[in-house]
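As written, the chain order gives the labels A, B, C and D, with residue 1 at the start of each chain.
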Amino acid sequence: MQASETVELTGHLVDSGLLSRILDDIGEYGGEFSIDRFDVGHRSDEQSYAKITVSAGDGQALGRLLMRLQTHGANLVDPGEATLREVERDGVFPEDFYSTTNLETVVRVGSEWIDVEQPEMDCGLLVWDEGGRIRVRTIPVSEARAGQRVVCGAGGVRVQRVPRPEVGDQVFEFMNSEVSSEKPQALLVRRIAEQMRAVKDAGRRILWVAGPAVVHTGAAPAMVALVEAGYVDVLFGGNAIATHDIEAALYGTSLGVDLAQGRGVEHGHEHHIRAINRIRRCGSIRAAVEQGVLTGGVMHALVAHDKAFVLVGSVRDDGPLPDVYTDVIEGQRAMRAELHDVAFAIMVATMLHSVATGNILPASIPLVCVDINPATVTKLADRGSTQATGVVTEVGLFLGALADELAPAG
Amino acid sequence: MQASETVELTGHLVDSGLLSRILDDIGEYGGEFSIDRFDVGHRSDEQSYAKITVSAGDGQALGRLLMRLQTHGANLVDPGEATLREVERDGVFPEDFYSTTNLETVVRVGSEWIDVEQPEMDCGLLVWDEGGRIRVRTIPVSEARAGQRVVCGAGGVRVQRVPRPEVGDQVFEFMNSEVSSEKPQALLVRRIAEQMRAVKDAGRRILWVAGPAVVHTGAAPAMVALVEAGYVDVLFGGNAIATHDIEAALYGTSLGVDLAQGRGVEHGHEHHIRAINRIRRCGSIRAAVEQGVLTGGVMHALVAHDKAFVLVGSVRDDGPLPDVYTDVIEGQRAMRAELHDVAFAIMVATMLHSVATGNILPASIPLVCVDINPATVTKLADRGSTQATGVVTEVGLFLGALADELAPAG
Amino acid sequence: MQASETVELTGHLVDSGLLSRILDDIGEYGGEFSIDRFDVGHRSDEQSYAKITVSAGDGQALGRLLMRLQTHGANLVDPGEATLREVERDGVFPEDFYSTTNLETVVRVGSEWIDVEQPEMDCGLLVWDEGGRIRVRTIPVSEARAGQRVVCGAGGVRVQRVPRPEVGDQVFEFMNSEVSSEKPQALLVRRIAEQMRAVKDAGRRILWVAGPAVVHTGAAPAMVALVEAGYVDVLFGGNAIATHDIEAALYGTSLGVDLAQGRGVEHGHEHHIRAINRIRRCGSIRAAVEQGVLTGGVMHALVAHDKAFVLVGSVRDDGPLPDVYTDVIEGQRAMRAELHDVAFAIMVATMLHSVATGNILPASIPLVCVDINPATVTKLADRGSTQATGVVTEVGLFLGALADELAPAG
Amino acid sequence: MQASETVELTGHLVDSGLLSRILDDIGEYGGEFSIDRFDVGHRSDEQSYAKITVSAGDGQALGRLLMRLQTHGANLVDPGEATLREVERDGVFPEDFYSTTNLETVVRVGSEWIDVEQPEMDCGLLVWDEGGRIRVRTIPVSEARAGQRVVCGAGGVRVQRVPRPEVGDQVFEFMNSEVSSEKPQALLVRRIAEQMRAVKDAGRRILWVAGPAVVHTGAAPAMVALVEAGYVDVLFGGNAIATHDIEAALYGTSLGVDLAQGRGVEHGHEHHIRAINRIRRCGSIRAAVEQGVLTGGVMHALVAHDKAFVLVGSVRDDGPLPDVYTDVIEGQRAMRAELHDVAFAIMVATMLHSVATGNILPASIPLVCVDINPATVTKLADRGSTQATGVVTEVGLFLGALADELAPAG
């Protein structure tokens, strides 16, 4: 038996392609639609409004479709109240749990609309009472504990599309166009620099996610300059970037594998495992700096300038360095704890940690993904980080040019 | 003050390019060489012999260079005895520990040459006395415990290049040539099938390492057929391949995201997180099969045919599935425990787990890496898995063609 | 001074993303718009209608913008009559010539609407009187001759969006989704086979455009089988595919560069230049077949089954073969002459000739582009061949699987 | 019946991998070898010498194998005299013509060794008597005329490997290592700049080969600065780079497709065809500059500074511009005519014209190929341009950084 509900949405539905994605999704989920009302914005600065009746094979299928449509900002016209159910067993949600988007979300509990704290995709919504005040936040399934109450079904939940960035915020106009290296590159660098300056002027933090190619392409000095100039508040990465950075700092000139001469950036040498062992002996990267063992490079600069970093390991790691989280769930938790005040994220030459960061970032934080491989950028957007702006370029020259903008050598 | 030592090596030094790589490495490490003797194999089936005196700036630099040359099978003419030192602190090797290759290795302790068990690259060599019998095995730095004795310096260690595969083992002739999709593809498939048959005829095990593209490209049925026909003894992968396989089995047709119709393999939907939650409720993938929840797909086939699998998580995972190791060091340990009797490894559409497996495989196990992206194959070989044969092709059609060879539909 | 006009368009404007592309383009050309009317199709099978007033800085800018919008099927509400001007000099159009799309187009001359013959993008519209009957066809700028009359400005021209393919024509549903190898591959092959069967059942012709990787990946036998089974009516290519095919036929086994053994497909050997010289001696590929010099391969099969082929050279060619057009304008002319009755085009492993063919194909002919490199497919669509369906896969296994469907052995 | 000959070669046979390639090739051609003598260079600055007896199935097969080995610098110990035969028909060589390499070559005619003029691969060797002086030069098959005498077989020909570049010529040390973007990029830029300065100081010419991405990535101003500073003596390209450069110069700001704002570099617009028509009206690019129609961009700079350019068309061209050779054989001829005095070639973001230029360049001219796609670089080396140094990077930032080095603003 067909079940149906009516949803509505407001925004730049046509020129953003949003409505077309919604209608696609209805088809993909095997549902049907009828557009009840469509008020088009008559000028490019006016928003449109659509009311659509959606139907699916049964209530359960409809529920899933409605949750899907919320990822695009389509909410029930009559959302009612949220249904809450108890978690029965640690690490398991109820079958019909509400699966979150990374959009700003409100939940109606007891006739009151409550803001969801820490928007993050693919989580549940935990509801609790704190001294008479109802609070709601996202919770990953692995953190769920028996007895907690989570939202179930699509009722009582509204999400809000992130508004298009204000005029002047021109980095993000590139967003609309296809991912390609055939863009005016120097201009892209300037725009990103402007954005970073604006974020720092506003007293907010910039998050970097970076892979080892930063070191291999000779961009560590540029990265150090950016740290020193205050444009790197927190760095997420893996064992590899820190290891290769430290390896270069420890053995860069003494062993003949001479980065300054442009030779020998090949993998598989034993230097990296010696570098790791050396730092393990010190106890931590910070200890290695304090003991005078580590005196240069990106990790040294972060420690010296008291900037945060979170290194999360992967199955391909050697060692790892003592600072690396070997448990990925703990690593995710540590990353979440560093998202406060972040107003801009830039991801450089890493697929794994970029996607991991995209997973936990709210859609309201603009992010730029820089990689020589278009697939990295595409993958990020496919996974739901629709706010991602892709820059297909080579990372070494990119960071050099960015440092020239933001931290020009005296 | 210059330090020098003499090394020797035997094999197909010229046509394999091995000697040229050795001379390159000496240059990269800032060393110098003089070729004392070179007996060339006069015909293509004869081996050559070279004796080379190598010098470097000091004893420490020389030690590192000698260890590096051992990765190519160049051993000290006069190796002497191994130096053993105690591990002083858990998880830290002595400064000059011998860093292993993935080649077959022997160590001279007390004038006796002892085989190294479980060859693996980037490890230390643990020496212990078992009831009067000296044994040596590789040990990752994270497993080192205070009081253990490990080999230090390059003395007393000899490694043995893996002999070129026997005549007839023709898959591996492709190895020598460049990584490219422009190879006769149907022939490649046939050769790999022959190799797999030979391994099974010899009573040995085949290891698969696979990524989620196996599911996305519609190759799950081919993979199931290969499991059923006995060509998959153990599978290594991550949370993604198991999740997408289970998602397709649970929701493949009911939700309208219809793999059979070729639509909707897009990422970011909430199905995967529901599939994960469902299996978490069951307790494990095996439990889900036993409870009748999971009735199809690759993971189901592995359970139903009592085949092993090891899933190791990564920082980008949602959930994860209850069977996934969230601690990557534990995951590596579980992977090592499944390498026994493996005589062939095939890696399909995954960079992360391919490199992780390459890290722990001895060079004596032939491996084929299949990916549409040449960089994946190149990366593997760069990391030291020089035995890797690359096949640049599309995974869905490849697995279909391989299943047609090995498990033709009745 | 602002100039403005009103355009209208009908179709699946929202779910196809068409309207959003139109509004984007207005912005890109520096114009402004106001949506006067928008009647949305209430169900997925109903068309929508939009009426939009467009303005730009002056009449000339507006004219260009209007011509641009016509590429999306947006026509002037009040088109008036076409303005015709004389070509003043060979090979040069009047400054404000109407630049064509590849859509079906009609022109109003003397109050009558006349169909444009041979729709092709980036041409002019030649109008002539044939015994009292006005005719209109596309003409490339290089073919323009003084005294001819061509359409100028956007007035008096209407274009018609190609209707979405009928239900059941499911190859083309893949079109809407992103270009990716992560599609169910076996299914894609089956759909393309079905499409080819339907085209042949309708008595129409299939056009192939192919590059040398067809030979290098060992797919020449599959291609020969497809020729023999009647699924290749005409082949477009360059010097390379014919040369490598003939080289394999002439020297495939005799010279040790043995395609059957999977070795030696490397480039740069002298065989190809000898193969070319041999065919030049014969006078043509057909002559080589008739003289018994060429007895196998794709080119032989085409000659033996009296199928057409057009080979157009490029600046990187050696030789070339005697059949190759060395003048690219003549080559384009020869290609155009073979488009009659073509109802399906498939492009395999060639960027240059795919784009060249896309340039001259009307949008009404469905085309599938098969390549291991996603950029080839993307490039084609970027150039205006919006009807292109991309299949990112390896060509050797693809052609093998397609031949298994359409021309099963035995 | 087996035929055999003895060849010898001298050079850095082991560390360059050259000997291993020779032995590979013998195997590929179905031949056999025995190494008669091998004198190894004992230190890294000493050359080695090898004498190898090669055999094949018959004299013809042996002849081809010997010619192949010459591409690596292996010459007959006893070369004898060259065999000359007459060309019987225009455009056709004798069956056993000597197929050239791009190495420096000498031919023994009448007991005298004569230098081959204009070394170029895949050609024949034309021998003629000029006032009693015997001369030899390369000739493409399409230029052969009846009655000319060309060298046949491998006898009487010796080639000379290009010596490794002198110490200090460090750009080319990158050559030995794999093609990868993971190189210190700023250093690469500096090395190329040094090389260019050295070439200009020596009074020689620099050849550029460039594709349209130079314009799309916003690097036209950098390119103009390099022209103005004298680092571009001649440019090879196609219709696309000139068209997009001129399009940007003519319409860059007036049409709203504003390169300065970073929007709208999409393809398929009608601007390019209008730009072409405008220049066709002028008669040529130079005429457009002289008439004041074209006042900026790369083509304008070349004309203004009296630098040469050769534009050769392809089958995908629209128009083309009046300066474009539409006959590719004539285009190749024009390119050859501009190689005089060239001492360095740099190829930027173009596969087609890079390979075309590689085809006609002698191996003695160093060349650097810059592309974001590693396949372009690999393709060039595969085709025989073994002197190619690959730089995998993004072209816009690369040219910006190069111009900063060679032509700093202010």
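FYI, contacts are C-beta pairs under 8 Å (C-beta built on N, C-alpha and C of every residue); 3 or more make two chains touch, one makes a residue touch a chain.
All values derive from a computational prediction rather than experimental measurement.
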A-D or A-C - the one linked by more C-beta pairs in contact: A-D
Most distant chain from chain D, judged by the mean position of its C-alpha atoms: A
Distance from chain D to chain C - Cα centre to Cα centre, in angstrom: 31
Computed distance of Cα centres, chain D from chain A, in Å: 45
Interchain centroid distance [CA atoms averaged], chain A/chain C, Å: 40
Touching two or more other chains - residues of chain B: 27, 178, 263, 266, 375, 382
Chain C contact footprint on chain A (complex, rising order): 14-17, 19-20, 23-24, 27, 32-36, 38, 40-44, 176, 178, 374, 378, 382
In the complex with chain A, residue positions of chain D that touch it: 170, 173-174, 177-178, 181-189, 191, 213, 216-219, 259-263, 265-266, 372, 392-398, 400-401
Contacting residues of chain D [partner chain C, same complex]: 27-31, 61, 64, 67-68, 71, 89, 91-93, 95, 97, 99, 121-122, 140-142, 238, 254-258, 263-264, 266-270, 272-274, 276-278, 280-281, 312-320, 322, 326-329, 331-332, 335, 352-353, 355-356, 359, 373, 375, 379, 382-384
